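Got some structures for you, see below.
Each of the two complexes below includes chain A, the first together with chain B, the second together with chain C.
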Partner chain A sequence: MTLEKSLFRAYVPPDAFVRRMHPLTKIAIVVVLNLVTLWATDPYSTALFLAICVALVLLSRSPLSAIRGFLLTLLGLMQLLTAAYILLSVKPGTVTYLERRLVLLSSSGGELVWHILISDRTIADALALDMRLVVLILAMAFFMVTTNDRDIVYGLRKLRLPLAVSLIVALIFRAISISVDDFYAVREAMRAKGADVGTGPIWRRVRDYVYLMVPLFVLVVRRSEEVSLAIEARGIPIRRPGRTVYHSLPFHREDWLLLAAFGALLVATLLIPRLTGASIGAPLRWLVESLWR
Partner chain B sequence: MATPTVTVGKRPVTWMHLVTFAIVTGVCTVLAIFAVIAAPVPPAPGVSGLYIAAAVYVPVALWFGMWGALAGYVSCVLLGINTGMPLLFVLWWSVADFFEGLVPLALFRLFDVDLDFKFEHRGTANIILLLLVVDLIVAALCTASPAVAGALGQATLFGQKFGLLYLLSFLVAAGLMIATIVVTRSRAWTFYVLFGVLLCSIIAGLVGASVVALGEMSGGTTLTLAIVGVAIVVVTTALAVVAQNNPKLNLLLYIVILAAIVAGVIMAIATAGSNPAYGVVFFGWGFGDIVVLATIGAMLMTILTPFIKRTQVYIKGWIS
Partner chain C sequence: MSLIRVESLAWHYEGAAEPALRGVSFEVERGEFVAVMGRTGAGKSTLCRCLNALIPRHSRGTMEGRVLVAGLDTARSDFYEIAGRVGMVFQDPETQFIMMTVEDEIALGLENRGVEPQAIRAAVERALAAVGLPQSYLGKPPTELSGGQKQRVAIAAMLALEPEILVLDEPTSDLDPAGKAEVFAILERLKAERAATVILVSHDSEQVARYADRVLVLDQGRVALAGPTAEVLGRVRELAALGIAAPQVAQLGFLLGWPRPAGDPRAALQRLHGARLAPPAAPLARPESEPAVKVQGLEHAYPDGTLALRGVDLELRRGEYVAIVGSNGSGKTTLAKHLNGLLRPTRGSVWVAGVEAARVRPSELARRVGYCFQNPDHQLFCQTVEEELAFGPRHLGLSEAEVRARVERVLETVGLAPWRNEHPFFLGKGQRQRLAVGAALTIEPEIIIVDEPTTGQDHAMCEEIMALLDRLNQAGHTVVIITHDMELVAEHCRRVLVMADGRIIADGSPAQVFADAEVTARARIEPPQVARLSLALDPAQPPALSVPELARRLGAPIDEAALQGIRLHTAGA
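Showing the complex of A and B:
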């Protein structure tokens, strides 16, 4: 992996804005978006966070297209979960669109009933849940496609964490992309030998996964030996301090601006409901209701 | 050049252990993300009914000790934040996967069970295990719904009325467990079936199913749960580091592990037990794990254990 390739193997040009962003700024953005979506859960606030997240991805020109397939799969999955949420949660609202009691099984022991209740509250909550998931997935994807393992080491060193801890965290992220490559390599090797991997009845798929995982674990052991020997050969200590790094990543003006903006978002999300009783998404709500009328 | 090490008790922790932990975490994360995409359990995002990574948590904990259990926790955190779960949720929720590795690890160490899976009648043992899994799924369905329990009629036992299917499922489970011990006569296999398949999955399911209520809790409660989750992982790991080769502290470690598990289960049930979706997610989580541990996990244990035991990455104690 070259310096320009990120954890998700996306190519980021060296002069791109996101490439120059400090890794701690990116981590702070992900953490802030995580916290605000947790604290303000109404649909309008979540829509506001979604808009901020999409704007960030577009303005920073993050190469999310590199993981389009993964993102589309996840977003498709979110729709399935939202549909399930609507059908499985029972939340009375002001307007009821559908209410059914389906008896799935009736025996001497009693009845097994599925109660479906779709109200305006169910729809609003499901919409907020769906948008929140999209915000969090986009935020994490933004981090993963624009950051490489060296950035993680530099970022964590900036926080004064020991080199061993920084290295292990970076190695965990690196191991994810290595594992994906190994998984495909083993699968293609099995296919090249005529094995019909991943098709057929469920028991055969389970068996195929065991066949896939055995060489994967043999590779884990081999890689552990190789990587640990490489680290030891470089004289990197586990605990002793004193090791310095050649590269340094300074904070740029854009980093401070972004940190200030997201810090303000966090404070506003916490304070606005306490001071005014309305959520941070209230202006958006007012705008939507004005346009609706 | 001397190998840089941290000496803990008699056995040192080397880079090999730390690197193995990092790489295993990466593998588990990939498998976990794949499982959630392939077989989600609605309505909880990040929960899978065929959680392939769970099949790896127990073997890696038994092979790599506390590093394997930690890999379960960290990979579940990474899975959660990659599939749209808030960070505070996953810091609590991932404790379920930490317990999944920790429970069998602690019990194997407590009873000093050697990972020797060489025994006769392996085919029969596998069939018995699969029958046990099917029987337990039936038992769980009966527990969840009186309608299913009474599908074959009612029976009276000690003056109490029970669903006939419910009673039969427990009798069959007991019979199959006895058959496992008689057929295999293997301590390692019996322990793996009891604790590495059944007990750890049920505990993980009970804790993990609390995810259904996290979205409805106040920020303070979520933060408290997240802190408790991280504290459980940090305290047990730190104590395992200290207790390495120290029999006096080993007893304390077992007590702390037991207390952590009991506290985790009680907190999960207290916070989410009244949610109607709790049972659905517990069922999907717990029995999804039982299925993959009884199939993929069991095969990995029997095939790879002799190989892993010959390498330097195999851990006999807690962390080295």
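Showing the complex of A and C:
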């Protein structure tokens, strides 16, 4: 049986431009999108970043099946976040849809009151928060479905970090794939002994998962010993001068252009509010308002 | 000067009760192929690690004597200098890979040596060609290759560094017959084309007889036997006392009283030329009991679309002793996992003791079908041996008194009573395997399925485990084993199901299956040496399944004293 064992796996076609992109460029794009989304919180700026994310995902030609998992996670998180924000924040707006005061606890010392206020502003802010979440998750989805674990290890080695860093990252990726196999095998073994793992009362589920951790831990210990022996046996020292890097992973013109563009986006997001008092989404706001009128 | 010179080598792991090596001395000339044999714990792997300086570098302990490789004292020289001269391949191919593609894996050691990228490319291609893999494999993830291919990549990664000595520590014990054949073909090629110096640790005396120039047998850390291969493997009685099974033809020679029995099947055939082969005793009939398992039109497709079973029909009767054989990916384990409900049919049906497996939960089926996985470490969850044995019955809701009674019975059956309070983590592999079988037994299932019960174990441990399964079968349990070991099938099972491409392509007694050249070729299984020898002597007769059987059919009077000479001695559990 083929299990999905790699944490990172490039699903995009080999000729898609994102496959030629340097992994460090992609990491930089994700970092910039995260920073600007955290910095500029108004709905128009967020909408601009969302448009950039959607464009990246579309240009990467990532199949929907590959990002489906991210989208499903997103949907769940959005529902939770929207409900929590609407029910827990108190922000008066121009229109109030619902206002209630629920006394949760009343004693001689005072009352614990839950003030529910649903206004047009609560809803607008909740949607803006959702949009920011979409940007963060789509940026990560773009990176994870267009980059494989090999690219990441190359990228780290390109940075000329100590061999230990790239070796540890490579081993973590390998350990994940092996541990996934082990997890399924151990769970099957428990089921074969009459334990319906993941069913029944919560205490039994917890107990079963504690049992499950025992062989996983034992296997990790045994394998760590074997892997470290295998690395040593091949005479791979962690510190050694004069190492070469087999794969030249050059920065292409597109990498420099994208780095420049996203660098400019970051600078603009940080500086425009200071210089003009408006956010980077101001032109979009002006456009929307013009069309609305 | 010898390429390897080991002088009075002793090694005592820190905290161990006994030394792992005690006064080992030997020499290896350039271009020699030396096999190291011995039961589990004899010191074989420790010796290998001393050869490439992993000991004392990687382990704590006390060392005496010395190891010289090309004149360099391994304990006092630069470790990386020694590691560059002595390449090592381990048993489990999974744990040897670091990088994500075959190309990167082979290149890693070269990068580390500062080889220029253009030269690395050429070296990677040469190494891959040396192990007979096409260039199209360069971009493949090593983890997605078959077992044999993985070991070939591990060997290629080592060859790329052009070591003077290759040390292979049981490189084939986790592989199916096809994988073993691949690895041995590479070793044969390296020996013929490169005059490579090879140190091979193996339990497979038949392959040792075929490839090795000399054999070194270790026992309790000492060299017990050493010499040219034919001479050592001909000392059948001494090998058996050391827990090593000589090649079957050598055992046959011993029973027939040949003055110098050897492991060469061609020599044995020449010696037996013209001998008359008597017909075998009537085989045991299949039990006339009711069906324990009924499988009809079973198909199974995994979520990725792989069609692992393509229409399997099968009936197992109560009390049968059945082997399921075939190469990796043929569908053996997929079929077995349907019998205890771990997998659900995509099409068709499976009935176990009159109950349709798909209609009950696996935990319900666990009462009827015990399943032992290949790796004992996947199925031991508890803090003590006793708790482990009690795990299944407790999950089935049995009373504590009943659980205790079953645990006591099974502790005796699997011979683990002295270790009842030991943590399973600290047991030896053979003991862990017996504990895994025992943990299935406490459920008292009608059917017990054991997946690869003997993989990676020495012959003496294999015999212990098989003796346990024999006793269970005699007590009325239906026993199903999945295995690549044809000697085990021949000597223990009464029925063989041969699988290929998700179908049962043959179903019969071991003798019927081994006599069918088309089936054995298609399923890539190699009948035991005695079966091949008897078929070569008289193709019209059913093949012999064991050494004593062939000796008897050749007219030799075999008494208990003679049989004692080939019976393996265990070193205690």
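One rule holds in what follows: the second predicted complex is superposed on the first by the 238 of 293 C-alpha atoms of A that agree within 3 Å, B and C clash if a C-alpha of one lies under 4 Å from a C-alpha of the other, contacts with A are read in each partner's own complex, and residues count from 1 in each chain.
Simple rule for what comes next: contacts are C-beta pairs under 8 Å (C-beta built on N, C-alpha and C of every residue); 3 or more make two chains touch, one makes a residue touch a chain.
No experiment lies behind these values; they were computed from the predicted model shown.
Peer 1: Classify the contacts of A:A278 with the two partner chains as first (chain B alone), second (chain C alone), both, or neither.
Peer 2: So A:A278 meets neither chain B nor chain C here.
Peer 1: Going by the contact rule set out at the top, does A:S248 touch chain B (first), chain C (second), both, or neither?
Peer 2: second
Peer 1: Using the superposition on chain A described above, determine whether A:I123 touches chain B (first), chain C (second), both, or neither.
Peer 2: neither
Peer 1: In the overlay, work out which of chain B or chain C sits against more residues of chain A.
Peer 2: B
Peer 1: State whether A:A16 touches chain B only (first), chain C only (second), both chains, or neither.
Peer 2: In the superposed model, A:A16 contacts neither chain B nor chain C.
Peer 1: Is A:A189 in contact with chain B, with chain C, with both, or with neither (first, second, both, neither)?
Peer 2: second
Peer 1: Using the superposition on chain A described above, determine whether A:L161 touches chain B (first), chain C (second), both, or neither.
Peer 2: neither
Peer 1: A:S108 contacts which: chain B (first), chain C (second), both, neither?
Peer 2: first
Peer 1: For A:E232, decide between first (touching chain B), second (touching chain C), both and neither.
Peer 2: Both partners, chain B and chain C.
Peer 1: Figure out whether A:N148 sits in contact with chain B (first) or chain C (second), or with both, or with neither.
Peer 2: After superposing on A, A:N148 lies in contact with chain C but is clear of chain B.
Peer 1: Which chain A residues contact chain B in one complex and chain C in the other?
Peer 2: Looking at chain A, the two contact sets intersect at 171, 173-174, 178, 214, 218, 223, 227-228, 231-233, 235-237, 240.
Peer 1: Would you pull the chain C residues touching chain A in the complex into a rising list?
Peer 2: 49, 52, 54, 57-58, 79-80, 82-84, 87-88, 90, 92, 94-101, 104, 107-112, 114-117, 120-121, 143, 157-158, 161, 302-304, 306, 308, 337, 340, 342, 361-363, 366-367, 370-371, 373, 375, 377-383, 391-392, 395-396, 425, 439-440, 443
Peer 1: Touching chain B in the complex: which residues of chain A?
Peer 2: That would be residues 30-31, 34-35, 37-39, 41, 73-74, 77-78, 80-81, 83-85, 88-90, 104-112, 129, 132-134, 136-137, 140, 144, 164, 168, 171-176, 178-180, 183, 206, 209-210, 213-214, 216-218, 220-221, 223-225, 227-228, 231-233, 235-240 of chain A.
Peer 1: Which bits of chain B are touching chain A when the two form their complex?
Peer 2: 1, 3-6, 13-16, 18-27, 29-30, 36-37, 40, 42-45, 52, 55-56, 74, 78, 81-89, 145-151, 153-154, 163, 215, 219, 222, 276-277, 280, 295-296, 299-300, 303-304, 307-308, 311-313
Peer 1: Mind pulling up the chain A residues that touch chain C in the complex?
Peer 2: Contact set of chain A toward chain C: 1-2, 5, 148-150, 153, 163, 167, 170-171, 173-174, 177-178, 182, 185-186, 188-196, 211-212, 214-215, 218-219, 222-223, 226-237, 240, 242-248.
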